[in-house]
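Each of the next two complexes has chain A plus one more chain, namely chain B in the first and chain C in the second.
Here is the complex of A and B:
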């Protein structure tokens, strides 16, 4: 048994980092780029996970179809949240998104369609041309999706969509006066963020092969929020790095046993207390340092 | 119904903090749980419930003040997400520390208050309920007097309205913030020990759900209004009970509050008693 566990463990962690990163990047698009608070991202991950689980176990849909459908379903959910959000001020929105998370979890728990308290098991691993993906090959799939998502996020940031998001984030009234349709773009921001969550949920469901309502509680949303804030709002590289830290650090300090969570949270508090921009956020110490290196390299190039 | 009064105590504390700092103070839940544990410990040692209540409140005030001084104060004026994340982190930290010190499992909190039921015609009320209602009502009254009849209360209302302007006319904003944290945390400690007595047990994460519901209450009442928090807490407590008996259990009780909240905000985005926000948008 032992060698298998040792081999599988890093792969498992890598897969988890990949799926979390997808959801966190989506969240960062909503919060970092467009400045819209979403404390219920886990709800959309849940929507994606359960959609895919039901489609593949009950209707034996192929994985690719269910992946797309679960992203789409989460996007629809996100659009509905967006519809609510355009009417609300910042703090009201934050609490509403918490509420949506709680309501979604109780729906998952209460209705037999989602397996109730027992959840849904026996979710098939995806297979392509008769080859079933598991372990390293599944991690590969996750990272292919992650790369596509990162590309999508980078493109979004550089496109007119990203500019509109930025305008809304900086000053809604000014954006409105530039004839930017604030309502529409807020909804798009929520829809994209939620859609990323849905994709992550689908990947998570087929990785674990068993999901239950308690996988998608508010504390999962908070974990994702932590990733985004730790990595730096608006920074895609930071979010990816933040995911790796948040998933790996508790594993690294595992020997501390019961003090591990306390140490972990303390580290987080100290980090945010002294570096509120996050690790790679705008104007953070690390990103300024990296920036200065790049600038120095450029100067040297220019001197020749 | 009785739980509504406890919501009132928690939500008033949250409102006082929100009023001056504009932070969604989730760590309030940690303060609340700590109050309950401190009270329990002293009660088990001395058997005096009043002393236990006093210690619960004193412990809550200390922790609340420390949180304000060392966590929130240095990061004011940042994007609201950062204090929020920190607040959740502090809540988890406090809960974990409680878990390490007192154990992660719920501890029984059995008080020797004579359990009697009084009848007034159709209405029956237990001595626990009387205790909760009397304790909450008197503390609400006390806070109301503090906010409306004292100098520092006036200053704190000024800061809640416009902290820069208050500073400009000579209000010591730092003192006011500390004052609000102390009063708010005292209310949390009181709520904690009351809930501990009411359910006869305490657990490290007991504050979580209550804190989120407390947030719902301050939305219902419109942010930053003490009277709104009182009404909101009672409305939530009553409507939870009534809704369950009226429409039956189509969802677990825990999510009712949030469902009500979402529906309400669709029609009244400023909360039930809040005025239309004019400062932003």
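Here is the complex of A and C:
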């Protein structure tokens, strides 16, 4: 039986990396692409997680439906935050998004619908055609959703939506003069980012099979922020890599587990001071280095 | 001649300051209309009212007979009113090409068509043509924020053109430029008028205004003090007074 134990641990980590990456890529669309600060992403993960937990335990809804509904619920939450954000900028927006996170956690804790302080347990594993997904097969599901989310993010970049995001990030007044409805695109930015969070939340709930309000506190948002800044604002590959690093590092260095929030915040400060582009963001040291290698290889090819 | 832009009793007050005070102007189709006046005369405020960045305290603005009262900035751009900014506002960290592309694709930002791909040969060709027309072809891959001011002003015009507007409102397009660069912008404006565009141009420099415009309104303290052919307006007593002070007129 030993091999199963050995396999379970890395697969758990892989699953967690996959779910966190979905939420982080969403956050990166809001913050990196559209330039709208969101320090409360955990709230939307919570909305997704509780939506799916309630729908599957109370109303025995099929997993695929509850996955979509939890994404949708989080998107609605994100749209509301977007509506508020239209009137706020930078630091005030940041504080508001933190506030949203605290409000969401209080609601989860206060109302019996969300299981109060006990949370919701016995969340069923999804099953398809009588085959229950767990372990490697569940990880497979997570990575299918992650791949779809990455495709979505890549499409955003190619589309006019991506250009509208760039425009509102750079200069809202100029964007308005280019017929870009700044209010609408801010709301879309928050809605998409929150929707990704909702999907991640649903996947997290059905993986852990037990969720409680304290899973979605502000410190989770900080963890996701660290991932996005470490990976590089606007970089999808960077965010995925950042997720792996941030999830794995307390696992590798166990004694640091209880100090991890301190370390994340220190990491944020150091990054923002010395390498604000993150690991793989545009113009970051690493991506410039990789680019120079590619250029050199290409030249050598050309010389032959 | 049909008025493309017409204002009726347009006023904008900031507290006790009358930035624009009972302004009635007409901008005919396919003309270069100059708005001149000393600093603080209300020229840029007038542009902000026409483009919808500011709401008038009273009075009305018509574009091609349409009352603009209920239209916001985006709605007015959609009708065909494009502008440039006195202090240039390029999307600083994007390339010149991307800047113009964002503007060129403007019909795609309404409804759900923003989901469509922006990588299309037709778009690239359209953008490149505009870049060639305004003389930015050789800097298209440069980051716009690091360009010299002359290029940034051309970029502003390129973006306004890419909106396929009917009227361009140019806010001091020659500001901070050498005389030669300014002349290039003037001839660019003239060639655009030749293509059927209407242009309203704020100009601080009398010599440029004299050279570029078909007709001029002179503003001072928010009110129109003179209107007419360029040489008439620049020789108008009130205009000289506004620029140089009453004492100067008395001496000469």
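Keep in mind that, in the parts below, the second predicted complex is superposed on the first by the 275 of 304 C-alpha atoms of A that agree within 3 Å, B and C clash if a C-alpha of one lies under 4 Å from a C-alpha of the other, contacts with A are read in each partner's own complex, and residues count from 1 in each chain.
By definition in this document, a residue touches a chain if its C-beta (ideal position, glycine included) is under 8 Å from a C-beta of that chain, and two chains touch if they have at least 3 such contacts.
This structure is a prediction, so every number in the text was calculated from the model and none was measured.
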item: Which superposed partner A:164 touches (first chain B, second chain C, both, neither); value: second
item: Touched partner set for A:181, first chain B, second chain C, both or neither; value: second
item: Touched partner set for A:173, first chain B, second chain C, both or neither; value: both
item: Partner chain in contact with A:102 - chain B first, chain C second, else both or neither; value: first
item: Greater residue coverage of chain A in the superposed arrangement, chain B or chain C; value: B
item: First (chain B), second (chain C), both or neither touched by A:286; value: neither
item: Partner chain in contact with A:248 - chain B first, chain C second, else both or neither; value: neither
item: Overlapping contact positions on chain A, where the chain C interface meets the chain B interface; value: 173
item: List of chain A residues in touch with chain B within their complex; value: 31, 37, 39, 84, 87-92, 94-96, 98-100, 102-103, 105-107, 109-110, 172-173, 218, 222, 225-226, 229, 233, 258-259, 261-262, 265-266, 268-269, 272-273, 276
item: Sites on chain B touched by chain A in the complex; value: 18, 22, 24, 70-71, 74-75, 78-82, 84-86, 88-90, 92-93, 96-97, 99-100, 212, 215-216, 219, 223, 250-252, 254-255, 257-259, 261-262, 265-266, 269, 271, 277, 280-281
item: Residues of chain C defined as touching chain A within the complex; value: 51, 53, 73-74, 77-78, 82-83, 85, 89-94, 98, 101-103, 105-110, 113-119, 159-160, 163
item: Residues of chain A that touch chain C when the two form their complex; value: 155, 158-164, 166-167, 170-171, 173-174, 176-181, 185
